[in-house]
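In structure tokens below, several structures.
You will see subunit A twice below: alongside subunit B first, and alongside subunit C after that.
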Partner chain A sequence: MEIVVCIKPVPDAETRLRANPAGTALDGEGVKWALAGYDESAVEQALLLKEANPGSRVRAVSFGPAPRTEEVLRAALALGADGATFLEHPAEVVPDPLLAARAVAAHLGRATWDLVLVGKQAGDDEAGLFGGALAELVDAPSFGGVMALTYDASARRFTFRRSVEGGAEAAEVPGRAVLALQQAWNDPRTAKLPNILKSRRATIDKVAWATTAGALGPLGTPTTQSVGFRLPAPRSGAKMIDYRTPEEAAEKLVRLLQEEAKVFP
Partner chain B sequence: MVDFSLTEEQTSLQEMARKFARSEMLPRAAECDKNSRFPEEVYRKAWELGLMNLNVPSDFGGSGLSLLDQVLIVEELARACAGMTTSILANCLALEPILIGASPEQKQRLLAPFCASFHLASFCLTEPAGGSDAGALTTRARRDGDAYVLDGEKCFITNAPHASLYTVFATVDPALRHRGITAFVVPRSAEGLSTGKDEDKMGHRASATSTVRFEGVRVPVDDRLGAEGDGFSIAMRTLDQTRTPIGAIALGIAQAALGYAGEYALQRHTFGKPIAEHQAIQLKIADMAQAVHASRLLVWHAAWLIDHGRKGTLESSIAKCFASDAAMRVADEAIQIFGGYGYMRDYPVEKLLRDAKLTQIYEGSNEIQRIVIAREQLKGAA
Partner chain C sequence: MTARVLVIGEIRDGHLLASSLEAVGAARACAGPSDRLEGLLVGPAAAAASPAFAAAGLASVACVADAALERPTPWAWSRAIVAAATAAGAELVILAGTAAGRDVAGRVAARWEAAAVTGVTAIGRAPGGRLRLSRPVFGGRATQEVEVAAPRAVLAVRPHAFPAPAPTASAAPATELPGGTGPEGDGRILGFEHVEGGAGPDLGDAAVVVSGGRGVRAADNFSLIEELARSLGAAVGASRAVTDAGWRPVSYQVGQTGKSVTPQLYVAVGISGAIQHLVGMVSSRVIVAINSDAQAPIFRVADYGIVGDLFAIVPALTREVRRVRGIA
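Then we have the complex of A and B:
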């Protein structure tokens, strides 16, 4: 089985964010980029499926600018992906999930694949559009909030659970599908040191932007534009609780939430 | 050319070690320190991720890292918990004599199990009657047919209660002094080998330390490393390799102390402003930052020299000695900046001082380092 995982570099949780001088987008300068938590769950699911289905291969695919996009691909290789495809895009910040979906769809049209996994949403803009858009473009069924995915090789069927309000539902899809993974249900693994070293030396297949743009034609222009980017104003009014034991801290917190914040009745 | 930039590979090793240290070591550091608990689950996980046996070449299944790569990792680990780092590094220390003195057959036989599954090894040099004067050790190795019989006692041996293999330095004839010292490997299962109680230590309490007794332990000639009398040289060459990572442990402690102190100074107010705005505190931070930076440069430089085929005895001694003295000062000042809170076990800085102290003592005390530094320095002056 050929499993494709689509991943995206997002600012590391510890990096300090800043707007660009024009105030229209994130300033990429000095940002530390990382594989998003949502995407880690998708990579983990891909690796679990591969381990359960011998002979399967996992390929990580990412659309974006160098070098950060190659860096997250290397992170996926270090975790255990067998190959990586870098769909180059020249823009400093790619705010356009639809364009990303078109670029990946154009690539998938030339590749063999049985399953595409994505995170439930991007870790930065949280748009949650990419998976659905990609499914539409490649004409495959799409589901979100997927957990515990397994493959029944004889029936060529994927079965999984989906988190829904108040519980979970069981579902199955035959054949090709694009599935968006629930976050952090599968405890993503940490890359091993020898694999990190190997991933540094691995070759990443690069598709130049000119190739993708040629394939997309007029569809290669962004569909959205970011007009403003601001960080939330710093908040004040934090209340520190004095306590001696955790029990006392919890009691005081509950009382404050009830009486002052009126969060609970 | 001098180039201080790390490669992307090195940056990713550093990040991986930092992530492991923060997620696996730091949350357990205070508890293990308090209860003197040996967190085997952390060591197992470190092994699984390839953070143990850093010095074992990839031919045998190890990580085969350069010393510079190793010190980058060690600094990150030690920032979270120096005690756990000591136990993680003990395998490098114990396996180094095998890398230096063993035959190809011995290397394959002895190193492969460590890379195939989780095992700990201990380096047994120090004895109750003396550590610094290794040439005077008294553990005896008497030849008996195709084996040696070991009798004696080692003390302060890191990981000894949990180890499955011991590299042991013993003498075939005390009258020969250091020329009689011979290195052996002894499995835990050997009859007559026993370990003592886990010592109750000032710091590095997540690490285990005990005596190892040898009472008529038979060791086949096949388990001798090098020739009779090679042991002293093997031990000294081992310490030439491992001294720099000890400097990196000290550096990690100092970096942690500087980090905590800076954060606290910005947030603690006295006389209407953060204490970081009082010049007396700024001067402390400035001195601490200098000590940390200088330690890092010395550690990196020593590692780089050794990676480039130099012995680096002078530079690694300077790095270990300077970084450990610096860690003591920096941890001390961090406590001072925390004031009364710094003295409390609920805060992380007093542990750093207790942990820093060991780095001045083990793997060659700083007095011994200074003797070595002066000797090397004066050689050049003659």
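Then we have the complex of A and C:
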């Protein structure tokens, strides 16, 4: 089975968020980039499927600017991916998940694959658009919020659970599908030091932006533009409720929620 | 100039979701007086649900009464949506940002060659007339403003961000569109199971959430949290400390590695407020914190705080809520 896993770098969870000088997007200056959490689950799932289905190969693909995009590809190689493709993009911030999907679809159109795994969304823009858009562009079925994925080789069929409001659906899909994974259900492995060192020297296939842009034509233009990036005004801190008895605290809180905040159900 | 907006309704177990009515509210927030709002419903319950959908303010509702679309796959639903958008001559498709809605939005955008923006909490127009959307990013730690630079757009709106319009007497016609069944190759949804403790509203779309943390101290004590939640009609959440300890399943977890929630009211009980948890709930409209430690970081993001013993405060609060809400 040929498995493609699409990944992207996002700012590390501890990053102190700050707008760029123009106030239009995140300031990337000094940001420490890491493999997105949902994508970690996708890489882990790809490796689990590879281990369960001997002869399978896992290729990591990422679209974005150097050097951070190459870095997450090396992280995937260190975890156990067999190959990596870097689809270069010149912008400091990838402007549009639809454009990323078109770039990856243009690339996948020339490759043989059975399954594409992606994170359901990424922890930065939280768009959740990439997997579905990619599936549509390569004319494959798709599902999001996927957990507990298994492959039935004789029937060439994937079965899984899909996280939805209030519970989970059981679902199945034949091969050549795009599945977007829920985060943190499969306890992703960490890379071993020798593999990290080996990944430093691994070859990454690189596709220049000019090649991708040529293939996309007018569809290589972003359809949305980030024009603002605001941090919430720091909350002034909680209004603390004075009380002598728990009953008094409860009465005061309920009254504030009714009369001042107006959110009492 | 008349713009046409297609609002996608979602039906679960025969009922139209409240978040679909909010999507109509979002459409009305950005539509001009001469714009035409139409709706689309799919599945066997489409015709029965269409009056309630239309009453939120739609000029007409198209129904695809195909039994195969009861729980549509993203593949099949995206085809029905694009066919309806094309038939309506729409420039804008608006859907609720539920799990299924977010799942289909990217497909629709790619198929319809439209821009797409998810997690939308506010809709306006930039001076040049472009759609301008607000959306929380980085788990609610920042807000991004996005402008649409394409003639068509798909918007998925965040639950609770827009009010559901009050129902009006509506004579909007329900029209029948042909079925959108795809080939067998698009996969199948075989069944659905509720998560345990799923008697209350769903964590992801509840208007009120009550969450417990390490301060609850033991699995058995979590019933205090659940009783308060029941009195408020709230969903129950938990911090990672609780799910790591196995007091409640991972499906309860709010935070960076769990769910992000944006209720009207979030009550954090015995939760210190690690950044891991805060990123999943900080966009809630009003936050109440109950904690024994006055220095706990949760009080910095809360609107109302009570410092004290949760084992005394929470039962008193449950009694008071039941009294005020007239629950015996």
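Observations on the structure shown:
FYI, the second predicted complex is superposed on the first by the 236 of 265 C-alpha atoms of A that agree within 3 Å, B and C clash if a C-alpha of one lies under 4 Å from a C-alpha of the other, contacts with A are read in each partner's own complex, and residues count from 1 in each chain.
The rule we apply is simple: a contact is a pair of C-beta atoms (placed from the backbone, for glycine too) under 8 Å apart; a residue touches a chain by one contact, two chains touch by 3 or more.
All values reported here derive from a predicted model rather than from experimental measurement.
In the superposition on chain A, contact of A:Arg200 is made with subunit B only, not with subunit C. Using the contact criterion defined above for the overlaid structures, shared-chain residue A:Pro65 touches neither subunit B nor subunit C, since it reaches no partner.
By the touch criterion defined above, A:Arg235 reaches subunit C but does not reach subunit B.
Contacts of A:Ser163 after superposition: subunit C is touched, whereas subunit B is not reached. In the superposed model, A:Leu257 lies in contact with subunit C only, and not with subunit B. Of the two partners subunit B and subunit C, more residues of subunit A are touched by C. In the superposition on chain A, A:Gly220 makes contact with neither subunit B nor subunit C.
In the superposition on chain A, A:Thr190 contacts subunit B only, with no contact to subunit C. In the superposition on chain A, A:Gly28 contacts neither subunit B nor subunit C. Of all the residues in subunit C, the ones that touch subunit A in their complex are 12, 71, 73-75, 78, 98-100, 102-111, 113-119, 126, 132, 134-139, 141-150, 153, 184-195, 198, 202, 204-205, 207-208, 232-234, 250, 256-258, 260, 264-265, 275-276, 279, 282, 285-289, 294, 299-309, 312-313, 315-317, 319-321, 324-325.
The touching residues of subunit A, when paired with subunit C in their complex, are 11, 13-14, 17, 19, 25-26, 37, 96-98, 101-102, 121, 123-137, 141-145, 162-174, 177, 180, 183-185, 219, 221-232, 234-235, 237-241, 243, 245-247, 249-251, 253-254, 256-258, 261, 263-265.
Taken in their complex, subunit A has these residues touching subunit B: 74, 78, 190-197, 200. The touching residues of subunit B, when paired with subunit A in their complex, are 8-9, 12-13, 16, 19-20, 48-51, 58, 63.
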